[in-house]
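Each of the next two complexes has chain A plus one other chain: chain B in the first, chain C in the second.
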Partner chain A sequence: MDNLSLFIAIPAAVAFLIPIVSHRLKWFPDVSSSVITFILFLFSLETLNHQCIYQMGGWPAPIGIIFVLDGFSSMMLIIVNLIGFMACLFSVDYMEKIYTSKLRYYSLLLLVITGMNGVILTGDLFNMFIFLEIALIASYALVGFGCGSKDLEASFKYLVINMIATYFIFLGIALLYGRFATLNMAHIVTSIQQYGTDSVVIFAFVLFFVGFGTKAAIVPFHAWVPDAYTAAPAPVSALLAGGIIKSLGIYVLMRLTYNIFGMSQVIANLFVYFGIASIIIGALMALGQWNFKRLLAYHSISHMGYIILGFGLGSPLGILGGVFHLFNHSLFKSLLFFNSGSVEYETGNLNLRKLGRLSEKMPVTSVSSLIAFFSTSGIPPFNGFWSKLIIIIAAIQAGRPFSALWVVIGSILTLAYFAKIQRYVFFGNGDEFDESQVKDIKEVPSLMRVSLIILAVLCTIGGLLAIGGVNGVFGPVVNALAGGTNQYIGEVFGK
Partner chain B sequence: MVYTLCFILFVIGLYGVTCKKNIVKIILGFLIMEYSVNLFLILLGWRKNGVVPIVEPDTVMEYFKTMSVDPLPQAMVLISIVTGLGTLILMVALAIRLYQRYGTFDITEMNRLKK
Partner chain C sequence: MEIIYYLIGIPFIAGLLCLLLPDRMRTLIWGIAFDVCLVLFVVFLYLFSDPPSPVERWFLWDNLTNLTLLGIGFFGLVIATYSYKFINNFINRYYAYLLWTLAAAIGAVVSNNLILMAVFWGILAITLYLMVGLGGPDASYPAKKTFIIVGGSDSFLILGIALLWVLTGCINITDINLQIDRWLGACAFLCFICASFAKAGVMPLHTWIPEISESVPVPVIAFLPASLDKLLGIYLLARVCLNLFSYHESLWFLLRLVGAITIIGAVFLALIQHNMKKLLAYHAVSQVGYMVVGIASGNPIGICGGLFHMINNAIYKCCLFLGAGSVEKQSGSTDLDNLGGLAKNLPLTFLSFMFASFAISGIPPFNGFFSKWMIYQGLIEGSKNGEPSWILWIIMALIGSGLTLASFMKIIHAVFLGRHSDTIKTKDIKESHWTMVFPMVVLAILCLIFGVFFIRIPLFRLLIPVVPSIDIENIFTLILPLALLIAGIILGLLFYPLTVPKKRRIAEPFIGGEVQSEDMRPSGTEFYNTVKDLKFLRSMYHAAERKTLDFYEVCKSITMYFSEGFRSLHSGILGTYLTWILFGLITLLYVFLRW
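Take a look at the complex of A and B:
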């Protein structure tokens, strides 16, 4: 899989093909988007343990735009395309019942996947900004897709906060260009090594931290998350939580800190403190929520804290914990959003007070949400336990026992608010629950069930990926980040 | 000095976005922010009495090296204007739909999500 441009070309081409063809062929949007995302997923699996560079138009590195594939980007490609495939499968029946225009929906969804693949692969700052805009503009439209007053309000809020962040990033890119007269990321690294870190570079890093921190939903910048997740259609929420905030936020932030600006003690402290704040504030806010999806949104903020904390520890074990938790979180978080989508599909309602007793009526949804619940709150055989354990061990090894304590407290709070979901939605019932509502409820259609079951199985066996530790499955990822700036220059310029 | 003015323009735009309550003023704030960054990029490549960055057979290379204008920021600004246009259209479309639903442009009255 040396032709990395296919990751951008295929979804973009199909995204624009769908509106042209679908007026004649009604089945085309459903089938084509699922098939295309599945093909992309297979391609991304093929990039595993593989390193290469794709030069756009054959122009070599510092002059032309290049795509860089290493362990970290390969893992992100697998996550994004897997979640995209699951979201497409889930959308077939979900969008049919709740929303109207499938054609526009799939078009926008594929554009989001295009943008995310581009951000993950590119080795050029300005090109990254363009792909960022592609993914974000499509996702603004997807969040407000229902066109109800609440959807539009959430979409506008999401748009305003993220546009400010985008212009911060743009200003940072302009500053770096003004300082070093280059946009290639590896070339910027060599320039920083040559001229040293001065105030312009530090200011640019601060702008990047605020900009990508907003997209990664770290705590002081998290205000858009609850509204956008609540208003968006469930597959889009899953894609937002499992793909967008990870590929546009965490991935770029980590690439910039580890491979371009270089990790330092100050940045490590920054990540650890912001991570702890996200864990605790996200978990406390989630406890008080009565809307299923809003609760999941705060849960997402809390878990982004774990990931940032893991990366901020700086040691290879900490990076492994962060990467592994990132992988696990995208699995169980999408599963939880699909569960909320199934509940909404059958009952038309997401208020925990009005729901109840769904465990007998919807066994697949109930069991899969139970698996996601165990895995997210860290019950041993499931994947979430292992990544949290690795983060805790890494925190203690790095001489930050209090961070480890906060991780444990956050984990207990997670257990509490997921017990609340299980109690009010699946096993018990809420205060305003009406028995007559659940009489004719049945399990969701088969395609939705398939995506729930696949993700639940992955959550159950995902813990096996931890075997081997820093040299195991995630070894290339840890190497790509822990190698620091010199490793990245070596990858790009082949020294 | 000119760069400082660009930053002042950026901060004015940021003020407009964060402190104004009318949606149209927020959109104008975004435009100011975008144009300030575009202006900054253009000024980075600009040179007084600069020459076109194309090498011809009779070009004096020493003069060319010191006086040629950097063409890359201009290409970047073109792309940024296009993406800015896309976002602007989306923002205006959202503003129109919001006006239809709420009957006002005031964002403090759009609080149905919290209820």
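Take a look at the complex of A and C:
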């Protein structure tokens, strides 16, 4: 897979093809988007353990735009395209029943995937900004897709907060361009090494931190998350939580910190403190929620905290924990959103007080949500346990036992609010539960079931893989980041 | 080596098979589960005399493993037998979870690698949660509470393992023996203790046991909190205190303190219960206190007593719960106020229940007496260094023992003796099916055998291999008090006929010439209302009823307080949210520009 532009060209092309063709062929949006995202997923699997540079149009680096593939971007590609594929598969029946206008939906969804792939691959700051905007603008529309008043309000909040964050990013890019007269990331690194870090660079970094921190939903920049996740259709929420905040937020932030500006003790401390704040505040907020999806949204914030904390520890083991948790989180988080989607699909309801006793009626949904519950609360042998274990060990090794304690407290809180979901939705029932509601509830249609089962299986064997293969799979990621700035220039300039 | 894989794999696969079969084929499902349990027990018996020598990197097999595994196999078999008639709902799931629990328990006990142990420990928490969930919608709250306590303590176990790993550089139980000299070491110790206490149900992490006791099928309680979880929790405690860490005076003092408080606190709560299962559940908590005190005494005889009490407690507590299940199955109630006079209807249940009650109250010649005796000996041994606190532990343990007897008198009176109650049709009640009676009788006889042949069977066969440094001399000092006790009982029996008048008339109970009606019937529970009204205890009971003493509830209200606080900040107003972002920006600028 040396032609990296395919990751952008294919979904973009299909996104524009769908509205043209679909008036004649009603089946086209469903089939094409699932098939295309599956192909993209296969392509992304092929990039594993592979490094290369792709020059757009054959123009070399400072003049043209380059795409850079290393361990970290390849891992992100796999995650994003896997979740994209799952979301398309899940959407087929889900969107049919609850929403209208499938062709617009799939076009926007594919544009989001285009944007994410672009952000992950690009080696040019301004180009990254463009892809960021593509993904974000498409996702604004997707969040408000239901067009109800709540949906539009959420979409508006999402839009305003993210627009402001984007302006910060834009200002940061402008500052760097003004300082070094280049937008290529590798060239910026060499310039920083040449001229040293001055206050302009630091200011640009702070702007990036705020901007990408907002996209990554770190406390206190997290406020758009609960509304947006609640309003969006379930597969879009899954994509938001499993793909967008990771690729647009965490990925870029870590790429900038480790490979462009260079990790330092101050940044490490900041990451750790922001991480802990996210873990605890997200978990506490989630505990008080009575809406299934809103609870999941706060859970996302909490788990972004774990990832930031892992990366912020700075040691290779910490990065490994962070990346591994990022991977696991996207699996169980999308699974949880799909579960909420299944519940909504069958009952038309997401209020925990009104739901109840679905475990007998919807066995697949119930069991898969149990698996997601166990993996997200770090119960062995599911995948979340292993990444949390690595983060805890890394935290203690880095001389931060109290961070490890916060991680443990956070995971107990996670356990508590997911036990609440299990109690009110699947095993017991809420206060306003009405027996007659659940009478003729069936299991969800087969395609939705398939995506639930695939993700549940991945959550289960993801943990088993970890025992032997964690270094084999995530080693390149750790190398790409722990190597720091020099590693990145080495990759780009081929030294 | 291979045999360990089979021991873990076979019950797991058999469980999967049970899960796939439909509920209709109940005999087949039961047959699979029973056969697997039987095979496991026989294999453990065989391996007891001929232990395998596994690869040290992952597994270990010493005498403590041997002892615990024998217990696990035995109780698996007992419960599988008992469940045949008792379990009528969710049959395939029940047996699947039962077998998985066995597989995970075996795995946890034979693991040498601590992370492997944590994995099995986690699977145990999952199966516990699922088994409690079998109680239906009523059990959803207890299941949640149980999982938060047990699963949450697993997180601490993981933290403890990580700390230990970083401190010692080893991950195998056999390689680690940490001298606690830094506070991080003490933290690691407390993390392990937390996991073991939540599993075994030591205060303050005990509240899940009484909570689940009312809504969950009896075999589940008899299997998990009453026997298996005790074995596992105390197994972990023994590993922690004997292998992983070396003796540290103040931390071991803390263990003894918690153990003694558990004995007393739980037994006081047990006294006032009106539900048979809940009463037994509090005793399940109280008895762990003895084991903790025994193991934390830090001398061979006390440790030996603690481990012996672990085995004994599992035997009689399992028997008591199975008895309660038999009563519930036949009469449809476990409420002490509604039961009465069932001894004639359920003679075998009554007898075995009574044997087990004697054992738990520490009456010779039943097994409970001997293990308590050894624990007292351990405490006396510890007191020889002149520290006064040991006297307190002995007194608390003795009081606990006395109150245990008192509460079992209550239960036996209220259920089996006393008058028939009108709310339950006593005439139709017959003895349970033999698959339910047989396990109880076996357990009751074991209580007796482990007592009467104390030295020959449990001491030499089971305990001395585990604690070889024990001084047997100390144990033989019990012959004189034992002789005195037996003489006292014989004297009592001799004098009893003299005190009974020759001529007597048996009449219906009456008050003021009127025969007592149903609402005048004294049920066993009322004897203890005076306890409830004692000045000092009244406020304590009051607090316990409002759940202010429940550690889980306390943590919950603190957490919810913070949760509400943060929620009130999230007003949903866009301007506020933008201010936060600005605030974050300013903070970051401040931090970076200072640097």
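Annotations
Operating definition for what follows: the second predicted complex is superposed on the first by the 488 of 495 C-alpha atoms of A that agree within 3 Å, B and C clash if a C-alpha of one lies under 4 Å from a C-alpha of the other, contacts with A are read in each partner's own complex, and residues count from 1 in each chain.
The rule is short, and it goes like this: contacts are C-beta pairs under 8 Å (C-beta built on N, C-alpha and C of every residue); 3 or more make two chains touch, one makes a residue touch a chain.
These numbers come from a predicted model, not from an experiment.
Contacts of A:V160 after superposition on the shared chain: both chain B and chain C are touched.
When both complexes are overlaid on chain A, the residue A:A9 reaches neither chain B nor chain C.
In the overlay built on the shared chain, the residue A:K150 is in contact with chain B alone; chain C does not reach it. In the superposed model, A:I461 makes contact with neither chain B nor chain C.
Number of chain A residues touched is higher for C, counting chain B against chain C.
When the shared chain is aligned, chain C comes close enough to touch A:L405, but chain B does not.
Of the two partner chains placed by the overlay, only chain B lies in contact with A:F170; chain C stays clear of it.
Legend: residue contacts after superposition of the two complexes on their common chain; A:V35 is shown touching neither chain B nor chain C.
Applying the stated contact rule after C-alpha superposition, one finds that A:F427 touches chain C and leaves chain B untouched. Taken together, the two structures place residues 156, 160, 164, 227 of chain A in contact with chain B in one case and with chain C in the other. Within the complex formed with chain A, the residues of chain C that make contact are 115, 118-123, 125-126, 133, 137-141, 143-144, 147-148, 151-152, 154-156, 158-159, 162-163, 165-166, 184, 187, 559-560, 562-564, 566-567, 570, 572, 574, 576-578, 580-581, 583-585, 588-589, 591-593, 595. Of all residues in chain A, only 156-157, 160-161, 164-165, 168, 199, 202-203, 205-207, 209-210, 213-214, 220-221, 223-224, 226-227, 266, 270, 281, 284-285, 287-288, 356-357, 374, 377-381, 385, 388-389, 392-393, 396-397, 401, 404-405, 408, 411-413, 415-416, 419-420, 422-423, 427-429 touch chain C in the complex they form. Interface residues of chain B, counted against chain A in their complex, comprise 10, 13-14, 17-18, 23, 26, 30, 33-34, 37, 40-41, 44, 70, 72-73, 76, 79-80, 83, 86-87, 90-91, 94-95, 97-98, 101-102, 107, 110-113. Across the complex, chain B is touched by residues 126, 130, 133, 137, 140-141, 144, 147-150, 152-156, 159-160, 163-164, 167, 170-171, 174, 177-178, 181, 183, 227, 230-231 of chain A.
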